[in-house]
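Below are two complexes that have chain A in common, paired first with chain B and then with chain C.
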Partner chain A sequence: MTDDHSTDPGRNGAAPVVLVRSVQVAFGGLLALRGIDLDAAQGERLAILGPNGAGKTTLFNVIAGDITPTGGSVAIKGVDCTRLPSRRRPRLGVARTYQKARTFEGLTVADNIYLALAGHRRRHRVPWRTAADRALRAEAEGVAESVWLGDHIETDAGELAHGQKRQLELGMAIATEPDVLMLDEPASGLSRGEREHLVDLLEALPEKVTVLLIEHDMEVAFRIADRVVVMADGETVTAGTPEAVRSDPRVHEIYLGSEAETS
Partner chain B sequence: MTATRRRLPALVTAAVAAAAVAWVLFLAADTPAGTALDNPGTFMVTALDAVTFAGLLFVAASGFTLIFGLMRTVNMAHGSLFLLAAYVAIGVQQAMLGKTRNIEPSEVSLVDWLVPMLVGATVAALAGMVIQQVFLQWNEGQELRQALITLAITVVLADQMLREFGGLAQRMVWPGSVTHFIEIFGQRYATTRLFMLGVAVVIGVLLWLWLNKTRLGLVVRAGVDDRQMVRGLGINIRVVFAVVFFAGAFLAGVGGVLGASFSGAAPGTDGSWLLNSLVVVIIGGLGSIKGAAAGSLLYGTVVAFSPAYLPTQYSYYAIILTFGLLALVLAVRPYGLYGRPA
Partner chain C sequence: MRTGSSMLNWRAASLALAVVVLAALPTVASAFFINFVMTQTLMMGLAAATIVFLAKYGGMVSLAQFLFFGVAGFMYGNAALEVGSRGLNLGLPPWTAVGFALIVTTVAAFLLGALASRTTGLYYLMLTMVYAVIGYFVFAQVTEISGPSGITSIERPDELAAPVSLYYTALALSVLAYIGFRALGRTAFGLALQGVRDDPVRMASLGFNVPLHRTLAFTLGGFVAGLGGLVNVWWNGQIDPASIGIGPTLVLLIIAVIGGVSYFEGAWLGAFVYVAMFTYLRDLPLVDRIGITEARFNTVIGVVVLLIMVLSPQGLAGIADRFRRRLSDRRRPVAETSDRSEGASHRAQSIDK
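Let's look at the complex of A and B:
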């Protein structure tokens, strides 16, 4: 992990994988995003912090294509996709999880991941089973093991513990071999042990994957991130290494409060 | 105190069920059927009536619940598709046999029944798919609007079918090879009803295989859980919607042909089978195939038993028990037996 790319966008001089330029989003009269810029280089681990209502999830929705911005532009891997519908973004290599864990509750763990794989490989249209299907199924089980759900392959997702659902969600996102992985509060609602588990998992992600992470849990965010962006009221307040952000007085003021002082 | 109150509906239901069983077994002496202990034959026949009718209910309702489960579309035209398939199948059967009246089962081979059935159901399936593609697809997520559109289609189709097929009741003729009578506890029983149950079981098994053993079925089940996420995985769910609407309408059609063979087809059959399907899926839980099976059995049981086991002078009130069943089930499980909140 290097710390010297703190504020300059596009590490290693390469074109950023995610490039957000002066994005604005208005919900009626409310400006949720007031001209946000964001860059993430390949393999970068970027945490987005900020109080509730700062616009973090809105920014995620814009990047994932769930919301079309009122102004500004979004490019992924150099392709302008400001107006590209969300169902086409997986093909650009974007995968996301949601604030509330979203899995197919009625399906087993293996089926959940299998479906993510099949959708990604565009094989879902073949309704019968083929030899490739068996390979795909084995692959799904491999992914399940990589998110430590190897013992729960045949468990229905609805019966998993909350932390395991998060693991499954992550597995489904990983299965699509994303270049950009967007995680919206992956640690929310997890117990302390589950959090440790999650951090280990995230640290084990392939190095080339760019991770954008919204997280309220400072400990998790600072441990994973190379770079931290702090947002408030739809604007970027500051950006930098975890250390720099931790000691930034503006950040104390708006967000960290006593939590940072004790750490 | 509050615990007792919360459990009250379940307790009442258990008490009602126990009372019903006790009534049928020991107390129903003053009814058309008599107590089950005195008259085991009548009891067996009534039970068979319940299960076989449940088979027909299941075929009709499974398509309805399949469509609702995936698309959240309450397809009010389900009964119309049921009747349309029935009329088409009757027409095809008459054309195959070359006569329109006084057809005896002995003249009807299995093929003379199966081919009209498949033609009728396919016509219904195609009509259903046209309805979905032309009217419903661009109203996705607008549940009330979709219900109203399909209701309007029902009215139009009912008029057009009256013009085309006339107002007299018509009947599909069972194949001769399944039209026999067997002895059950000294009572004659029509094997056509058992054949109907057999068809329903085959359809249930095929549905189960499709939903649980194929990739498309997996996508359908995933869509029932979370349509948006299926789309997020890069899967074109619109194609899946079209296929499921086709399948659901096809099932309505098979139900219609079974129904036309069982009790005939006439104007009004569409409305009563929409109602039957609705009752079954409300009991079983909207969107659940398992629920459709359970709901069919419960509803079939009440429909078969209540006229036979109500005291003779109250037989007319049998229909009320259906609503009693609905009220009881919904009091214990507001989303139906296997239903989940949307």
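Let's look at the complex of A and C:
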């Protein structure tokens, strides 16, 4: 497997943190992913672009373990985890957000982040409150503040505005100190000000964190990304630096063409 | 924060008041009211509280809770009796029999919970109903542990010989379960269970084992329902399969719904309304003249359930909660304005200085 990364070497030539090889996903007769390859090195900020239906979220689901691929393999930090259930992947340092923000609506902001921390520290089956709990709660409040939700610690997640839910999701993902952070359209539905917030947050992440970002907002994607992968119809069309991708005529054709179709 | 802590105080105060009143009740109320109405209320409430626990925290509506109530009773009967025509007649000392009954109930709850842990919603309801039906047939047909006419002449431990002691046992267990369930909601386990209720996929992506979490919650529910079942078998002195059939199973769900499925106190409130209706309906003047005979009590209860559901989908506890909120809403703006004016006068003073 390691021979392959000569085709797309990670930064500094190090072994890729995320290594996707020939992954196929079929939903009935529909091939959502047609043998896709993807590498991401440690600390790399990789944006995945593509029109609706390109298979970006499916690829995320495969890497996060929510979908088992029909073919191909996925390795994270050198561990083959093609068939590993999603609940075991956080131990490999994987954290993700969802296209439609998934928070625990009946719980407060603090509780949501607390749960992310508790899952990460494997304290989630303790049926009483301990001193460690209090430390975890304090930490959760700290994370809430770092995603600008300090004033909403006791607000139920279900009562948050759309942008705040995205901030909360990001907080829950960051709380687990991931090595691989996967963000599925984190800027969608955000106001201009909230987008600025988001970019600041992502830029403030520790350098060693690998970020995979699906984003329709080009401005956000190009500001964050070191490298851009463009997908269409379950395949990689092109990959390269933001500048190279921006000037690639194929990208314009695919992206703008199908954008025009959908609108 | 402020409303949270004031609500906590309000809850603690009303719980303390309720416990004091209930503990003192035997000195003023009739023996019939205590030993019949209230003991039954408390033990049914205890079982119904496990439905609330699973539904409120875990989003799992279980129809198997009355089964565990029954399993504990049957197992106690099997273990405690020395001689008798039916059952295992293990002849264990009473408190060992209690341990045996609770272990069997808990293990059964764990296994059945594990089997159901990958289903949700309507399927969970149906699967647990199947458990209840299977449980009924197991006890009705396996004569080694019961048979159709059940186990009779079951005696309670000597320590609980006085009828009122059963009332106090049921009260103590109810208070413990109420406080325990509420406290559990704030622990890592309880919060994770609520996370499983809100979004199991998200919980898995945070590293939680969702089916195991559901299973453990179901096991705890079964154990607590079993405690209620022990009080029931001591109170009744006998247990038969018909008493855990589909009818009583649905009654327990109705009790939880009357009280309000998202309120723990609702379980006991619902149980009281149900038991009181069944006990006192016949004593109402002229009630038989308008055609409400004993055979039609279920119809009356059905109408009452319907009325409560229409008036408040959150049950009786929901009505009480709404009333309390309205009261505190009426009080709050006044308090806030006075706060503000105090602050303003304070600022005015400091400017003066």
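As a working rule, the second predicted complex is superposed on the first by the 247 of 263 C-alpha atoms of A that agree within 3 Å, B and C clash if a C-alpha of one lies under 4 Å from a C-alpha of the other, contacts with A are read in each partner's own complex, and residues count from 1 in each chain.
Just so it is clear, a residue touches a chain if its C-beta (ideal position, glycine included) is under 8 Å from a C-beta of that chain, and two chains touch if they have at least 3 such contacts.
Quantities reported herein were computed from a predicted structural model and do not represent experimental measurements.
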> Given the superposition on chain A, are chain B and chain C in a clash or a fit?
Replying inline: clash
>> By residue count, which of the two partners contacts chain A more extensively, chain B or chain C?
In response: C
> If you stack the two complexes on chain A, which partner ends up touching A:102: first (chain B), second (chain C), both, or neither?
Replying inline: both
>> For A:206 in the superposed arrangement: first (chain B), second (chain C), both or neither?
In response: neither
>> Once chain A of both complexes is superposed, is A:176 in touch with chain B (first), chain C (second), both, or neither?
In response: both
> Is A:120 touching the first partner chain B, the second partner chain C, both, or neither of them?
Replying inline: both
> Of the two partner chains, chain B (first) and chain C (second), which one does A:154 touch, if any: first, second, both, or neither?
Replying inline: second
>> Just to be sure I follow: which residues of chain A are touched by chain B in one complex and then by chain C in the other one?
In response: 86-88, 90-91, 96, 102, 104-107, 111-112, 114-116, 118-120, 122-129, 133, 172, 176
> Inside the complex, what are the residues of chain C that reach chain A?
Replying inline: 1, 4, 183-184, 186-192, 194-195, 197-199, 201-210, 213, 216
> Which of the residues in chain A come into contact with chain C in the complex?
Replying inline: 64-66, 85-91, 95-96, 98, 102-107, 111-112, 114-116, 118-120, 122-129, 133, 154, 172, 176
>> Quick check on the complex: what are the chain B residues that touch chain A?
In response: 213-219, 221-222, 224-226, 229-236, 239
> Okay, in this complex, where on chain A does chain B touch?
Replying inline: 86-88, 90-91, 96, 102, 104-107, 111-112, 114-116, 118-120, 122-129, 133, 172, 176
